[in-house]
Amino acid sequence: MSELLGVAVLGAGHMGADHVRRIGETVGGARVVAVADPDAARAEAAVAGREGVSVHREAQDALRAPGVDAVLVASPEAAHEEALLAAIARGLPVLCEKPLTPDSAAALRVVEAEARLGRRLIQVGFMRRYDTEYAALKTLLDSGDLGRPLLLHCRHRNVSSPPHFTSSMLISSSVSHEIDAARWLLGQEITAVTVVRPTPSADAPRGLLDPQLVLFETSGGAVVDVEVFVNCGFGYEVRCEAVCERGSAQVGDAHTMVVRSPGRAHEDVAQDYLVRFADAYDREVRAWAAAARVGRVTGPSAWDGYAAAAVAEAGVAALDTGARVGVEMAERPALYDC
Amino acid sequence: MSELLGVAVLGAGHMGADHVRRIGETVGGARVVAVADPDAARAEAAVAGREGVSVHREAQDALRAPGVDAVLVASPEAAHEEALLAAIARGLPVLCEKPLTPDSAAALRVVEAEARLGRRLIQVGFMRRYDTEYAALKTLLDSGDLGRPLLLHCRHRNVSSPPHFTSSMLISSSVSHEIDAARWLLGQEITAVTVVRPTPSADAPRGLLDPQLVLFETSGGAVVDVEVFVNCGFGYEVRCEAVCERGSAQVGDAHTMVVRSPGRAHEDVAQDYLVRFADAYDREVRAWAAAARVGRVTGPSAWDGYAAAAVAEAGVAALDTGARVGVEMAERPALYDC
Amino acid sequence: MSELLGVAVLGAGHMGADHVRRIGETVGGARVVAVADPDAARAEAAVAGREGVSVHREAQDALRAPGVDAVLVASPEAAHEEALLAAIARGLPVLCEKPLTPDSAAALRVVEAEARLGRRLIQVGFMRRYDTEYAALKTLLDSGDLGRPLLLHCRHRNVSSPPHFTSSMLISSSVSHEIDAARWLLGQEITAVTVVRPTPSADAPRGLLDPQLVLFETSGGAVVDVEVFVNCGFGYEVRCEAVCERGSAQVGDAHTMVVRSPGRAHEDVAQDYLVRFADAYDREVRAWAAAARVGRVTGPSAWDGYAAAAVAEAGVAALDTGARVGVEMAERPALYDC
Amino acid sequence: MSELLGVAVLGAGHMGADHVRRIGETVGGARVVAVADPDAARAEAAVAGREGVSVHREAQDALRAPGVDAVLVASPEAAHEEALLAAIARGLPVLCEKPLTPDSAAALRVVEAEARLGRRLIQVGFMRRYDTEYAALKTLLDSGDLGRPLLLHCRHRNVSSPPHFTSSMLISSSVSHEIDAARWLLGQEITAVTVVRPTPSADAPRGLLDPQLVLFETSGGAVVDVEVFVNCGFGYEVRCEAVCERGSAQVGDAHTMVVRSPGRAHEDVAQDYLVRFADAYDREVRAWAAAARVGRVTGPSAWDGYAAAAVAEAGVAALDTGARVGVEMAERPALYDC
């Protein structure tokens, strides 16, 4: 490897362009060497002002570009499986934006390909694990100081949903972050899902079942409730309280500047996940690049991506049927044991 | 009526004695004139240092004591029905500690007796309605500024449960406060209950299903989740967040003095409901006495006591069966319409 | 004494009327039996709906009214000295709204009259000592857990100043609360005052030096800074941080209901001292009445009223001269030793 | 310039080593190419595991090393002037840790050298300007929404002071951050200083006047008070409240994870400035490197370094004399006008 890790970024949309900027500004020891997007103008715009970056329409071409040591996948989810399998074939470490694939069947194919290779190359972009507050919560839970976790209360709110967002996407797209966070924080698998839903908000698009209350049961006997509300109107909010046998810990209410004006003391509420989790994204890509430079992959694995997909599918079934739905998962390959 | 409202307090246990002290110290225009408790020594202790209070073993004797204008029922719940019917027979306004009666059948008999009388004499001691924060939340929700309430997230935690507390009492005794608060805040009836429960805390008494997550559905399409955890170990905590169509409002995280000591900034957490809700109890008894002096009864009604019992019974069934249980209620007499 | 403490309330203005209501509603074991105000209509309005209260134009007549056991002085400060001396002459316990008298010379005369009598009859209305948060801070400082107090940072803000408020009244009227709070919290006398003042706010009335930064040095080597800002526009705020050798403690940022609406999380800020300190006033009068019923006077003494006046006079001199001004005080009579 | 900005880091102590790590990990488009420290082992340790970095005993040698495009000065302050003048002579952009120089006379010589050159090469390491909260406060003040700032209340606390810390260093070393922050936030010069000091904490080293209360008056009629307490024992705390004509804004109380354990709700308090301001340091160096790559220098100027030194010297005189001391400053060269 040359002095700097050469990264190919697949996808130059909102996330991809942000990652190009991120690697250029806040990641030491790495640089973007190739960008691929079917929309060439968008790819050119993403790399404007950066030298030495080749631009491609095809992901496969970007992977083969000179100087590519690693791949960041930020393309539409339908394109992930092919890109991931190609990266595995070339032995390139990958950071893949979530979801790993559109469904659990595809995710399992990726898991099996990586398991056949016998070493980890794929990290999934569950960036909450890199958020300072979530990391502090994980450290505290792992310390055992508060005893066993019994309940996680989670809130996941967006100002408004993008066009074409469907009721099942509240689970498969939004709640997938809580699925990973719960599995990671607890160190347990999710075994069943129930979805309870109030009469939808009048401010949600017609037909969208928003908000929802999603309940997970876990292999260790914990219960997780998630309010997901993607048209809450007031801000982007992600909160989590872990209730344990001997105490509780709560993150996501971080406050900063308090302003007093007539009759009120107020704080601003973040409007966007790229603002709320800006530092987490920075840390995630930094950690991935640092590991990749020494030939390792850490962080959320392809198995985590698969598990999230399997739980989300059970969740969508629970939403559709109104009943409690058990989660079916394949056996976990030994590669993901640690 | 003489210059001061003469109150008979039935029961001189923890709550009864506290009410005797409360009326003596923080309630204007009222005084305790009679106390009844089968344990005469306990009754004498409760009125020590107060002049002009007669002490009785029998509740009925206290009701007949000279100068009694109103009754505060703080005896064991098994004794409530008889006391309430006697007070109705004598036309005395009553403040009755919750629960109104041990079960919904008895509560319905009280409701029917009051309905036959044709005017309200009974107020039930759901004192949260008199808590400053809950009152502010109610005012905000009623204003409509935040739109329709969609979800209530409630937490109800005690340091430890008293001896002989059973799994069903988490619902019938503890959550009964949330049942009333939800009905009152939303202005809706509860129509179904589901109980989800994690593996109990190792710090809970053997066999006690603690904590529990209780879900209510309401006639207006809202969903209420209640964490009840009566052996949480760290404090007495009651919190509620109302998530509405255009914003949310949260109470119960009130903080006061912040102390910084090595490595930490901390606040004390209340350990006891008589501390947390001291002001609410004061306001409740004051409001009741002020209304009684002018011949009125306001506040939570016998119907509210009945409804709480009916929902709690459905909740216990949901706990036992693991299934969603619909709430069955009698028709509401017109007396309780407003 | 009859069953209830009979209170004469002198002055039926804003504070006096509020005290009449308070004694009627939230103070057990006491009732108002006489009210005096030169404006008879105002006095009548204050007691409307209350039985058995005689109304007087002259304070002296109210003191002589039948059933008067104690006096609450809420008349203009110019009338205090005469009322206090009359109450001392009749041996009646007094709760006197602050300031004790218009100046330290008059206050000293009251102190001397009480010292001649040889027992305490007068309590001054420094109600912050009865505020839950200030009381918790006092308890913590007295415990010694944080070591010796080194600094007190105080904020005292009003939405706007009443008409005719002068620059020196920021000290003599507003900061007098902090003078007492600092003396009480620290258990030390104030020995010197310096006033630093920014260019006045454009929103302050023309000519009013508002805000001011007032510095106190104390006999125990602590330093107290007070921001007083009586036209801050946004709310009534009283905050205090005590910085000690081994930690700090802060009160006055109490928060209650948090509301999230588009882009903001906010809390209401109290607009008025009768709201912020409502409970403190209740506790103050309750404690005074309970002590008076058993022939005692506790709480802030006439000496505390004198000391506040002496420090305030030094403060006004410091404001006028721009220099540090030492505080001159008479010797403290033994009556006030404990 | 090559693809990456080549940085020479002078000084491999605590700060220098941290900057080497920072540039390697969190700064895009830059790399460390040379490190100088008289203690060669320390310099080697700082660059362990990084390729292509030359190590030098002499700062001058590092400046002349191949590939050096810019200089980060983290050597002892006595060495700053020589290094800064050498960098100016070579036309290299500099980020110089504070203080710019040990005294204002030396700072003025640097200012004059840069003014003679006619373009800015020097940025001083007042990293608070890059802290998210301070930046938000600056934006708010500049918006004018709250009117003119009247008062700044600042707190600057350290767990404990390093060995050999002197009473005057509380001002010249610690408060120098508040001097710059106040000048920057207000856009005004400081015109006078007063220092008031309580009896020192028993936990401060013998002879150290700790804490101190430092007062600044400004050219725009604002007043700034700074509590500096370098042996507070409990944490590293930097707080600032700006009180304006139509509201106030407060930063530095940011909270994150709240943990409830028996009787308490607590948050951790940062113990170290490299923790509290980690992100600010990252942003500072990133912004400096990005500007240097395009031949510009932004951020706090040599003039800001000079002004801080001049004010600090007045502050030390105020501490020594107990009197208010005016600040004397040279005329500002036009280079620093914008």
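Note that the chains are named A, B, C and D in the order they appear, and that numbering of residues resets to 1 at the start of each chain.
Here is the rule we use: contacts are C-beta pairs under 8 Å (C-beta built on N, C-alpha and C of every residue); 3 or more make two chains touch, one makes a residue touch a chain.
Here the structure is a predicted model, which means the values were calculated and not measured.
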Separation of chain C from chain B in steps, with touching chains one step apart: 1
Of all other chains, the one whose Cα centre sits farthest from chain D: B
Of B-D and C-D, pair with higher C-beta contact tally: C-D
Euclidean distance of C-alpha centroids - chain B vs chain D, Å: 57
Chain C-chain D separation of Cα centroids, rounded to whole Å: 44
Interface hub residues of chain B, defined as touching at least two other chains: 233-234, 246-248, 255, 260-262
Residues of chain D touching chain C in the complex: 147-148, 150-151, 153, 194, 196-199, 201-203, 211, 213, 215, 217, 220-223, 225, 227, 229, 232-234, 243, 245-248
Complex contact set, residues of chain B against chain C: 3, 23-29, 31, 51-52, 132-133, 136-137, 140, 145-146, 246-251, 253-262, 279, 282, 286, 290
In the complex, chain B residues that touch chain D: 159, 233-235, 237, 255, 260-269, 271
